[in-house]
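You will see two complexes here that share chain A, one where it goes with chain B and one where it goes with chain C.
Right, the complex of A and B next:
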């Protein structure tokens, strides 16, 4: 069984607040998932490189031209909290003592 | 669709009448089916009227101008809600169209609405949608498949003539098979993914669902092509709908991989696919037994890669610029709470697994290992195409299962047992109906080909439909 503290660490890395019940559940899920990973570790891959994309074509690069951007008002429309042309968020740095 | 296009062209029917017909079907069937998350009848009718005006002025945008379509709800539509079946994006209205949506609009197709899926396309049944399950039109106690279950069910039920889905490990083909319609997962890179909400960017593709192979090919012709907005789109390749003569079948080498006809395969599915293969052989195709032994690792490799990529893709949902936000006093708590409230259990599970395989201490043992096994799988597949022209397998191990039947996540993941290989290797794969089981549930045959061989897959699929005499499984009224 994977360590419960490891599950809590993953949740923190993933910015997910989990309930005690969820931590229990994902502890089980992660453990059973590792069987899958262990199966792959039996495969001899010493002679191959990894594949990150299925079709190896040279990526077509477009010209770096200045295009039209979305208007600021339109982009701000989707924001949960907006003020003075900015997205407003809760405090991100600790206050100075 | 040709018939419909002809009726439009000769002004025997108007786009408005067609859209009204489908809106009527949607109103009648949605209370039980639940294939749509959003229906925008007013806008569809406006688009239809604009189309009729173009036809009256003899300047239609394409042959298909005025024929409506439905879009899976993880594909961005400007101003029209795009929820990804998640609470997180319950009120999200994109500021731009996905390139595939622009292409459809440029061809004059009215967009009738957005179809249901598993949340962020993670699932095989639509049971993980925050907006309820989509029922199978052939049996309401069963799932429509997933994640593009809404797109498949809507087409099968006659709520819409065709639709768009996305496929990361089988999400177009499996629901197409469960609902008795045609679905294509195109070659990786042939269809733009710009504006398509990412699940696993190295595997995701957009593709067509329709009642016939010819319609699927027609729709694909509107989607395929390079896009400067998507760096992974393939350079300058154009797809043209093939001619439908049957001569090519003589001497066509069809690979039949034994691994796909072994344990876990329902006997009735095997029987139906073997019957189809037998019929193709009678028509002059050559069946060649082959081995794709790396398919044993396909699901495990797929799971590792898809969870890793998903955890990274979904990092953007932080409640800052769009989506739902939870109240909190500091930003880190705000992110964690918003994500906790916005995401459903399967999405959280995959984020957790993905974060684990990508974390510094496990990266090499899991993620990098899976990427290397992926290379072996790809080599295995490409090696097979040195011997054969196409590979035929069942699309899924069973027919549509009952709602609530799959209790564990691993059980659900096995739905992709026969389909994930095509995504891992980037090849195109088409699911075509190949009869029904004893309970009347549709079954699907999967035809896989080498990169960019869609034309051959469609020709073969069409041949299966017409010559072999295997009927499609759509249950809805056809116009």
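Right, the complex of A and C next:
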């Protein structure tokens, strides 16, 4: 069983607010994921090259050409606070000497 | 008492001068209304599929080659996860484990000593958005405004080894790196617009020790001067902490240019945990070696090569050559004028003199018009001093130097037939002085020359005037 504090930390990193019940549930689920992962780790892959992608795509590059962007109103639609065409966000860091 | 050595490493972000962004086709231009150059890809909306801009890879490779790096045939993109308001996707697509370029170096002068700074790596990544803080700096801002036009512009991050030894060297390195980037044309390198940015890592270690001390990262360095000042401040702060027996805390500090000091930045969130993993939306990059060679062929003469050529082939001093290298527009003018067979030194003296001042105010003159002026001074049609006046006029009119001289009637008068009557008049008007001269007051000669020059408004050829006066006075 993984540590309950580990679940809370992961939720915080992902900016998720979990109820006590959800924390219990994730603790079980994540433990089961990790158990499956442990099983996979028993397979000898020392002779297999690492894969970062399921499909191998070679050299798919785009020409440097400007296309259409979204209108400003559409971009700002998702912002909880907007000011003069900008997104407005609360205080970012605290200062100390 | 222990003395300490300073160890500095730099991380430089250079925005690449592409038309469109790194992973989408939004415009990468500067100065548009906020949030008007964004799309589902650079905003990280669900379902968007990024595609790499070929030009960005080309420019990053070019930068790597110019910095003597190994260009890796295989490189890979990674997802770096963190929450920060300038990052719309909550992750940045970057290269972590397998960067595009590794193991290079930059050679540059620190005073008269040629030094090398190792480049550990160069990787491609996407730019974040721009934050405008409500207060004077990030630490005293109640809120900030975000513009995502910049988010997704292609960047390269150049990381040096920690082998820079003092704040001034860091500044010289950055100046040379900036110059190199502008020579190869991959960036407009404007620090004030943020297309060249630098973070600095600095630590102190006991003199001679091989173990590095705890490093501090300094952010918000918006000019070469800020970089040098911030490092000087931090060098002093850290040494004071160490002399008092304290320890340095590993942290990020922000430079406050007005206050002239660094301040600790304590994030409201947790210590960073980026949970980096291979980027699933962008496949790895396999560079065709033939393409790399084609890119290598586009690299022009680099600043250090040009410096050596100007000193070696043209015999210029370090000072003169450095001027022409650091101001490539003046360098180009020099080469344009050299091809028209003027003396190298006289061209460089001309460019570095009044011309530099006027050109900075009003923009450069066409090399042909400059050549016209140098020619008539060379031929003695006008004097050096008159040349300065003509230069002023070249900047304010469309006439050629010769036309200006004609219009103003500036030619040097060297015709004895025209000058002799003037010399006689001058002597006739000053009979008393003439007799004093003839009685041995030879220094009066200069006075007579001056009088002739005055009457001719400085146009008389001084050589001819001397000769005529001697002749007349000897009669």
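Here, the second predicted complex is superposed on the first by the 93 of 97 C-alpha atoms of A that agree within 3 Å, B and C clash if a C-alpha of one lies under 4 Å from a C-alpha of the other, contacts with A are read in each partner's own complex, and residues count from 1 in each chain.
Convention: a residue touches a chain if its C-beta (ideal position, glycine included) is under 8 Å from a C-beta of that chain, and two chains touch if they have at least 3 such contacts.
Just so it is clear, the structure is predicted and the values come from calculations on it, not from any experiment.
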Partner chain in contact with A:72 - chain B first, chain C second, else both or neither: second
Contacts of A:48 with chain B and chain C, given as first, second, both or neither: first
Chain B versus chain C as contact partner of A:39, first or second or both or neither: first
Partner chain in contact with A:3 - chain B first, chain C second, else both or neither: neither
Chain B versus chain C as contact partner of A:89, first or second or both or neither: both
Contacts of A:64 with chain B and chain C, given as first, second, both or neither: second
Touching partner for A:24 - first (chain B), second (chain C), both, neither: neither
Contacts of A:15 with chain B and chain C, given as first, second, both or neither: both
Doubly contacted residues of chain A, that is, touched by chain B and again by chain C: 13, 15, 52-53, 57-62, 70, 75, 78, 87, 89-92
Residue ranges of chain A touching chain B (in the complex, touch as defined): 6-7, 10-11, 13-18, 22, 25-26, 29-30, 32-33, 36-37, 39-41, 43, 45, 48-55, 57-62, 70, 74-75, 77-81, 87, 89-92
Contact footprint of chain A on chain C as seen in their complex: 18-20, 24-28, 33-40, 43, 51-57, 76, 81, 83-85, 90, 131-132, 138-148, 263-268, 270, 273, 275, 278-280, 283-286, 288
Interfacial residue positions of chain B with respect to chain A in the complex: 92-93, 95-96, 187-189, 202-203, 226, 228, 231-235, 297, 299-301, 303-304, 307, 311, 315, 318-325, 328-337, 339-340, 343, 345, 348-349, 351-353, 355-357, 359, 365-366, 368-376, 378-379, 409-410, 423-427, 451
Chain A residues touching chain C - in the complex, by the definition given at the top: 9, 12-13, 15, 52-53, 56-72, 75-76, 78, 83-97
